[in-house]
Amino acid sequence: MESKGSVKKVRRGLFVGRFQPPHLGHLHAIKQILSECEEVVIAIGSAQYSHTLENPFTAGERIEMLLMAIRESGIPMERVIVVAVPDVGEHSLWVSKVVSFSPTFQRVYTNNPLVRRLFEEAGYEVKPIILFRRREEMGKVIRQRMIEGGEWESLVPRSVAEFIKKIRGVERLRDAVGKDYPG
Amino acid sequence: MESKGSVKKVRRGLFVGRFQPPHLGHLHAIKQILSECEEVVIAIGSAQYSHTLENPFTAGERIEMLLMAIRESGIPMERVIVVAVPDVGEHSLWVSKVVSFSPTFQRVYTNNPLVRRLFEEAGYEVKPIILFRRREEMGKVIRQRMIEGGEWESLVPRSVAEFIKKIRGVERLRDAVGKDYPG
Amino acid sequence: MESKGSVKKVRRGLFVGRFQPPHLGHLHAIKQILSECEEVVIAIGSAQYSHTLENPFTAGERIEMLLMAIRESGIPMERVIVVAVPDVGEHSLWVSKVVSFSPTFQRVYTNNPLVRRLFEEAGYEVKPIILFRRREEMGKVIRQRMIEGGEWESLVPRSVAEFIKKIRGVERLRDAVGKDYPG
Amino acid sequence: MESKGSVKKVRRGLFVGRFQPPHLGHLHAIKQILSECEEVVIAIGSAQYSHTLENPFTAGERIEMLLMAIRESGIPMERVIVVAVPDVGEHSLWVSKVVSFSPTFQRVYTNNPLVRRLFEEAGYEVKPIILFRRREEMGKVIRQRMIEGGEWESLVPRSVAEFIKKIRGVERLRDAVGKDYPG
Amino acid sequence: MESKGSVKKVRRGLFVGRFQPPHLGHLHAIKQILSECEEVVIAIGSAQYSHTLENPFTAGERIEMLLMAIRESGIPMERVIVVAVPDVGEHSLWVSKVVSFSPTFQRVYTNNPLVRRLFEEAGYEVKPIILFRRREEMGKVIRQRMIEGGEWESLVPRSVAEFIKKIRGVERLRDAVGKDYPG
Amino acid sequence: MESKGSVKKVRRGLFVGRFQPPHLGHLHAIKQILSECEEVVIAIGSAQYSHTLENPFTAGERIEMLLMAIRESGIPMERVIVVAVPDVGEHSLWVSKVVSFSPTFQRVYTNNPLVRRLFEEAGYEVKPIILFRRREEMGKVIRQRMIEGGEWESLVPRSVAEFIKKIRGVERLRDAVGKDYPG
């Protein structure tokens, strides 16, 4: 009953990202996917990393922020499944890793050329995401603004901004600048 | 508003298991935890393993079965968060791994002595789970019955039994007997 | 004669084993595969292990013994490709690992139920190997006889027996008995 | 016939490279080694990587291309052994890893200062390779030309060029530009 | 000046063990080594493991206990170097791992056949340790007695017994019984 | 008896560094820590790496140089414990790794913002190190001078300089320039 349009919806679409942090572009993409699929599996990549410039937040924090953002946005929670997928370090194994850590899915959504290629080589249907503003770089822009003291709050859901402030995420990101590894 | 009793509920309780497969004892435990905590984080351990006697199902399949089981049981989905946590191979790092892959939690529920010890050494409050029938061995019993051709369906939710049959999970488990690794 | 029959041969067949050590059953299987395929890819599994009861010989030693055995047997070398594939520790990634370390292949030959299942779940055609004596256990029998001082030389090609003696392989195997890891 | 010259040949020489992709400089080096050694062991390093700017091709594809290139060049196959060696991530273990994955060898051929140092510290004889044109950078030049749309086919054997086109290797390399990891 | 005997002492001897926990047999061995070498390098193997039946104590705890035991025994601290060496999971790399984590040494002391073989294959001189009572099994005996509630304190230095009691090590060991991994 | 001042000393302070190589700034820091703590635990980070621009020396070599430097400086050896800690690759696990490989400590000394943050998030007291000249960059300066042929010997203890020359460490560092990985 969930898909009432004349076009039959795909059962599940996979949306892969790092969500450092979840932002408005991600919510836009999730809505697009849910207009074409009954459910969306949101796969948080690079799950084991945190406290770096590229990956300041842990998988657990990203899960928590994503759930907040989805609730705030009014997207129906029962149509969303969030999973965390660790990097495996070898591209040729990565699709199998995602498949192993995710409920089954029938289509992949991404604008990343490498992600698209890896899933296509594995036989999956891949569709692009419709850009929301300058979406593809939005995560990077947010982290850059955080480091430089700029305004970043308007690019993320309000609940996400509050969470980041509560855990002092901006300070954490700045401490990671220029020091990739302890010692 | 969620906790209306005179005793203030803990914000979140963590429930660690392997869920190979999710069974009635797990649902019983989740209900107990939700009577004491506002939310439960269900952490699927040994997430990277599958196709073995101890871990026949992938993390993705276990997530899918858990979500089915929770829906079927009437447990409110909005109070449940499911995460998958890979084994790290070193017990002294394991609690940090769970913390990194989970939203924050304030209490841990387990009957496993090692899990209890590791979390207590890390300073967490740990509470036992009230046994449901012979719960602690129920996963093992189910897998044993599957291998031997016994009746196992009554120990799991109906949706879980159907899912396992659809993916031919019993046959997979039997193929793993006596052969721990390919080659 | 080899590929002129009325039935068109498959381009390449994959033969996975641990080859600890290569024995007469392996040669028998290779001949069978070459009667049905133009070329055989011999994939040495568990490649990173050595000096254990299950895996006494290194990947390099197993490659060297396989090449000796194939030459001795008269099997045409130009139709054989030998590759070593490290275990990845997660069954759900293993087929991708084999694919990544092997030239392309179109069919898999194995009697191991787990190997069969993993390749079938990944969409490959899998065929059984015709048993040579008690082939499936021959590697185990050989290692057992080596440990107990029994006669094992008649189960392997002459060149393999000589190589094992030259590197004092039987003594190495015995040193591994009962001590799985140094320290 | 092979070693009857006045100078006694070394039994086996090791030639380490990444072969991304195999090119004319590699064939030139193999011929040099075979003029000084009875056999050459070609060790494909960084074997587990693929789909990156530095390592676009899988170990299996590199094996397949090397075998094609050697056949095309007329180098006698029976004097060549190709092995793939995964990176181990710790330089102090790397020589042991190569030794474990290779048939025995008595001499190492390389122009890489770090490879030379590591093998010399482990007690091996190391000899330089006679440059073929600008050999040392040829792999890098080829990948750069592929990315920029330049002419690269004349730097590799004809069979290698055909293989790369068949698997759409240039497109794969371009998809890896600027995106080191999925997500 | 340190070696005044008529026989010139070896500069450094390596003593590998797991030290779970350090016991009187270990001290006996250290004294033997120091009668033949100027210094001893004590290498704590399987360093990353803890909270298991075979490896109840962390590397840090084992270092702390070893230092206590050596002080208590009157062995001159300035002739002892304690290092921790993680297992590498591949026997063919293990000697290189020990070499990388230890100051240089010229001789190895062990009764373990596999350790002896691995170091001998790498070209090291290996000498046996003179047994102290039933030394080789003493660690195992101690852990067994701890589990069963027997008397174990007389087999370890007094300071080690006190340390284990302070950190509640016996309880930790018992919690590991029958549960190899959390979940 | 060791702490006779009116202010009670902390039992143990942890000093984390890579010690590539140990230099005068490190000795200055160790003296500061020993003025405030009864003992110092020197934790050698990134222990598994060597033969790179950032980490030219093995953990064993760094241990050996640290012991030489401490002896030469007159710092009392019995108040110093040196341990090597491998990187774990995931910042969220790193503090647990250090704790597992070190004897217990009550305070951490560091000027590295990320190290400070990770230990503070884990609940440890962290204090800065009083700079000795341009201490924080001294290791980098030394390695840079080694590469460029500058004077570096005055920045390290005499015994360390001699050791580096004996093992031809400067040549090793130069061989690592521009070639991060073999092959």
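Going in written order, the chains are labelled A, B, C, D, E and F, and every chain counts its residues from 1.
Everything that follows uses one rule, which is that a contact is a pair of C-beta atoms (placed from the backbone, for glycine too) under 8 Å apart; a residue touches a chain by one contact, two chains touch by 3 or more.
The structure displayed is predicted, hence computed values, not measured ones.
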Both-way neighbours, i.e. chains that touch subunit D and touch subunit A: C, F
Distance between the centres, which are taken as Cα means, of subunit F and subunit C, whole angstrom: 47
Inter-centroid spacing, subunit E versus subunit C (mean Cα positions, whole Å): 38
Subunit D, residues touching no fewer than two other chains: 48, 50, 58, 90, 92, 99-100
Every chain pair meeting the contact rule: A-B, A-C, A-D, A-F, B-C, B-E, B-F, C-D, C-E, D-E, D-F, E-F
Subunit A to subunit C touching residues, read off their complex: 88, 90, 92-93, 95-97, 99-100
Subunit A-facing residues of subunit F, complex: 16-18, 43, 45-46, 85, 87, 89-92, 94, 112-118
Subunit B contact footprint on subunit A (complex, rising order): 47-48, 50, 58-61, 63-64, 67, 77-78, 81, 83-84, 86, 99-104
Footprint of subunit B on subunit E - complex, ascending: 48-52, 58, 171-172, 174-177, 179, 181-183
